[in-house]
Amino acid sequence: MKNQSSNMKRIGLGIAALVLLGFPLIASTRYQVHIVNMAGLYILMSLGINLAMGYCGQINLALGAFMAMGAYTAALLNTRMGVPIWINMPLGMILAGITGALIALPMLKVKSHYLALVTIGLAETINIIIVNETWFTEGPLGISGIKMPELFGIPIDGAERFYYLVLICVVVGYLAARQIMNHHTGRAFIAIRDSDVAARAMGINVAKYQIMANAICGVYCGVAGVLYAHMTTYISPDIFEFKTALFVLTMTMIGGMGSLAGSVVGGLALPLTLEYFRAFKSWQLVGFGLAIMLVVLFFPGGVIGIARRLEQVRGLRLPWARKPEKPAQTEASHVP
Amino acid sequence: MFLEIEHLTMRFGGVVAVNDVSMSIQRGEIHGLIGPNGSGKTTIFNVVSGYYKATGGKVSLEGKPVTGLAAHQITALGFARTFQNLRLFTSMTVLDNVRVAMGQHARAGVWGEILNTRAVQREEKHFTDRALELLRLLNIAEYAHERATNLPYGHQRRVEIARALATDPKIVLLDEPAAGLNEVETTQLRETLLKIRDSGITIFLVEHDMKLVMGVCEQITVLDYGKKIAEGPSAQVSRDPVVIEAYLGKEEDL
Amino acid sequence: MKRSLVFALLLVAVLLAACASPTAAPAPAAPGAAPKAVGEPIKIAIIAAMSGTNAVLGDWMKKGVTLAVEEKNKAGGIQGRQIQVIVYDDEADPTKSVGLAQKVASEDKVMAAWATSNSTSALADIPIFAQYKIPQFTNGTNVDITNKGSAYIFRATPAGPSFEDTLIDFLVKKGMKKFAIIADTSAYGKGEGDYQEAALKRNNLTATTREAFGIDDKDFTGQLTKILQGQPEVLLLASSEVASGLIAKQARQLGFKGQIAGGAAVGTPKFVETATAEIAEGVIFTTPWLPNDADAQSKAFVTAYKARWNEDAEFHGANTYDGTQLLLQAMEKANPLTPENVAAEMHKIKGYKGLQGTFNVTDKGETITGTLVCIVKGGKLTVYTGN
Amino acid sequence: MNIVSIFIQTLIGGIGIGSLYALVALGYSMIYRSMGLVNFAHGQIFMIGTYFGIIWYRGMVLGLQLPYAVAFILAILLNMVLGLILERIFRPLANYDLMLMLLGTIGLGYVLENMAVIIWGAEGFAVNNPLGNTPIMISGVAVLPWTLLLIGVSALLMLGLNVFLAKAKIGKAMRAAAADRETASAMGIPVNGTNALTFAIGAGLAAAAGMLAAPIVYVNPAMGAAVGLKGFAAFILGGAGSIPGAIVGGLVFGVLEAVSAGFISSAYTKGIAFVIMIVVLMIRPGGIIGEVTVDKV
């Protein structure tokens, strides 16, 4: 029995690997590859926010700012000094990670919806700086002429070749996130989310792990940003506005918050579904809104939540599907 | 002295929850802290373990000052605690609940974890083995892979104790570990407490179950309205008229 | 075990679904390949904001382009083939725009594309169309668009400085010396503000104040109060139609008595509507074309536009109409008809008389310069005839 | 103009726009206190409310051109009905996690905004000012009659709301339900009913804000997003769930914007407002008037 199921698993993973590797060949147009590449970037960001928010419980709506950090690092270094992606990538990761850590500092004091606003505010502020400091960032017009990467003399110039770069980043990102979650750091994240009071008593330095979770989230978004800059060769501040964060959150939610697989499923499903319904114009967005409402009201665990419910897995639980013990931390009750 | 509490005072606004309490605990003893509800027992725990900042006084362990440190730093010094109302990590398995408490000994760092180095694997194995050992000590090893909140209440209490022990403490602060337990479970708890003590860990116990307290504690401190009203060996305290009047007298059913 | 399997299969399903997206063409990807079949329609794409705040710009573009194409189709099309216009909404979002550029280039295999009415999105799309060698048209006014070295970008209307230089030279000639600028922080607003500053500098003047605001702002009291302290004679607007209208209104309400002036956005009925006719009266602006222009070509366009869309023609409809005429000409001449050849033919166009004036396409892709000084009179946009 | 009148001029602009933020923030606050729901679609409810009134004023329904005051009342009533419907839909959300509320209500925002596009078009229009565009000059300070009306009506609405909550029987019931759902329920207060009413009042206030804003802004389906965000900022800044907090938050945010535009740096207006707000929240994590909940062990 066990052998059979592990064989099934091998076959399944084998098929998945084949499809993943051969995707640019079976895709009928470059546009499809481009859409999947974009989905790959969203998956990276979604993995990041899943670690920080899904597992560690930190509300963070500043994803766009993290992505901007990566993208602007790459764009500025590449267009002004010709630095290639291979050097921009670690630099972008570091800078975005530091931004993540800095944004985590208010989190140590401010909680819940107050925190939601603080992170929106910080992201807006970073955006305003990018828009206004034209001497450095080229302002609202953005930076164009970023070079696509090259590896050992082979240009990675089309969506098809770039696909493999994105694929490698997503696979590495996914595995890294899994390793984090399988070790002490991951357990500490969940502990903080479940009960930060108890976590402290267990010797967990809550502040340190909160900062770390957000720094990691920043790194993931930074990678997405660097890739984005080199992929589209053009960036402008409006790409990194609040709506990007919202889009990533929505897909994470649809996939399943608190599940790495959910990030992957949501990150693929949402952009592709929207693509299907493009022809419906405004109705497409109405449908999008309705879909979000339906998911939230009836399937708060997302796709993975539904899958798990079908599987009846015990010992695992979706944090966001639960009702808090006391409804919504009623500060309201203190109001005169 | 092992644990030394000197002139501890804790005020919340105008309310004095703990009023100038001094006490000390010897290494290796089970020390009971009793008193009627609202007498400040849990507040003392919360101050000692770093959740509240004392209004006055100080706490030290083996001569090292504890007051003013953050909760996780205090844990690192060798304190561990359980909570009066269970505070398990609800979405984790029993095993993970215990393993996460060993984190302060994790040397790997996030990079090592991502690369899953040999050292990390060894460390991880050590955590798992030690966690299972603790679960066996508390007779709940068979539930290791269950979600903690799926366990019966009495078992959840044990998970809390196992988790506290996993931090490798010198002293554990147990906040009403017998609350909600039936008689059989309480007897088992008593044996567990003795086993823990025998392994060299000092126990600081807040408990309402007088039979348990009198059965296991060598020393007892009694609080009333935030003030210390008596202390000494359990036999002596249980005969103290002040205590009987202030505490036992009020709860005749005990 | 089971979960990984379910997950892996889900992944495969989703990816395969991606391959079978409903708009997918069956042919394999071959960048830049033109459709071979003779009777097949020639496709032109429009990528522009069709929703959101910028929707009006996309709508105008659609109307201008469609009108020109329909006229051509009625006249028999190009080399016996009809022309088909495909419209996509990029919501003025460069990320979406880039995706759609990929889509029209690789899936729809268009002959040319209008992309887009916003300078940022147009800039974002340039590398894609350059890579596929497909001519790209825009009516975004930012100078940078044609400075990126692409041989496939064409601007159907004068660049920003043409508007602001003419405007400021005129005002300076009229004896104005104290100018204040209020510009939003979008690419358009900031660009126009910069051109205004540059034009002032050419005339050895500097703005008394330059203030900025966010595109969502509705209250400009802070900025305007500060501007009024400098007692400027002219208030230069550099923002969208609506924001310019709101600012003109609030400036007058705060007691500003001087001249209000601005570039392309001010020369639209939308500006007059937002500011109200009473307040817009006397506002000076520059534009290459006005709906009530006198010559026969314009008159014909205005009539046709009204007949087709039941709406008065305005500047954006006119410049996209002009640009499409250039494109159709180039397509007639291209032999064989490939996007690359169309672009090459575009560069050869010299001396074409369109609605906005005489078109001479430069190497960079500029097609026309020169704007008229105009004024709002009786709620109508008119050519300035006074002294 | 001397510096004092310049400052007053700037201040009046800030108070005007701040009153709008305050009305919107009040909607957030009302809904939050009763249901514990942070309604991120409130900006879109504000936008819909504006359309609900303006369509009557501009004769977009059956060619009926009603006076502004009548349109104002209709806007409030229609939006209250919308509020009742939305409350029913979102009742289950009230007990959910913040993240779910955020997304669920943002989903609603998408629906409302794009429905508006489908029904009324994306383009939008300017609404002429019923009181005219000529300002009143008071010792060098120019004030538009409409701005005075805006500030006055906002103040009346806020005052009315406070009196209603404090004195009227149903208002008291709403307060009780907001303070302690279970006890109120046990005392025979129909909690779901009062919640629905609270939601409706929030929506009504948003419609009122929309109608007060319409003649000085530009009406289009996208108008809700920006106001919604600033209203949310005001709601949080004042202290989530606090009625005076929402008013103070709105005015502070409006004035902050105007003053930083006029006296510090107009390019950084929004940034400055947000940074000051963050600093305030760092010092008072519960907002200006809101209470800080102590983390109980």
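Some points to look at:
We just call them A, B, C and D in the order they show up, numbering each chain from 1.
The criterion applied here is as follows: a contact is a pair of C-beta atoms (placed from the backbone, for glycine too) under 8 Å apart; a residue touches a chain by one contact, two chains touch by 3 or more.
Only a predicted model underlies this, so the values are computations on that prediction, with no experimental measurement involved.
The most central chain, judged by C-alpha centres against the centre of all protein C-alpha atoms, is A. When the interfaces A-C and A-B are ranked by C-beta pairs in contact, the top one is A-C. Among the other chains, the CA centroid farthest from that of subunit B is the one of C. Distance between subunit B and subunit D, defined via averaged C-alpha coordinates, is recorded as 50 Å.
Per-chain Cα centroids separate subunit A from subunit C by 34 Å.
Remark: subunit A and subunit B have CA centroids separated by 40 Å (rounded to whole angstrom).
Between subunit B and subunit C the centroid-to-centroid distance comes to 71 Å (mean Cα coordinates, whole Å).
Residue positions of subunit A touching 2 or more other chains: 128, 131-132, 197, 282, 285. Annotation for subunit B: residues 51, 83 touch two or more other chains.
Multi-chain contact residues, meaning those touching two or more other chains, occur in subunit C at positions 50-51, 185, 212. Subunit C contributes residues 50-53, 55-56, 59, 185, 211-214, 216-223, 225-226, 228-229, 242, 245-246, 249, 252-255, 273-276, 278-279 to its touches with subunit D in the complex. The residues of subunit A lying in touch with subunit D in their complex are 53, 59, 106, 109-114, 116-118, 120-122, 124-125, 128-129, 131-132, 197, 246, 249-250, 253, 257, 282-283, 285-286, 288-293, 295-297, 300, 320, 322-324, 327-335. Note for the complex: subunit D touches subunit C at residues 1, 6, 9-10, 12-14, 16-17, 114, 117, 122-126, 128-129, 133-135, 137, 142, 144, 213, 216-218, 220, 222, 225-226, 254, 257-263, 266-267, 269-270. Interface residues of subunit C, counted against subunit A in their complex, comprise 1-12, 14-19, 21-29, 31, 50-51, 88-89, 92-95, 98-99, 102-103, 105-107, 119-120, 123-124, 126-127, 131, 142, 144, 148, 185-187, 190-191, 212. Taken together, the subunit A residues at the contact with subunit C in this complex read 5-6, 8-9, 12-13, 15-16, 19-20, 23, 26-36, 38, 128, 131-132, 134, 139-142, 144-145, 157-160, 232-236, 238-239, 243-244, 261, 264-265, 268-269, 272, 275-276, 278-279, 281-282, 285, 303, 307-308, 311, 313.
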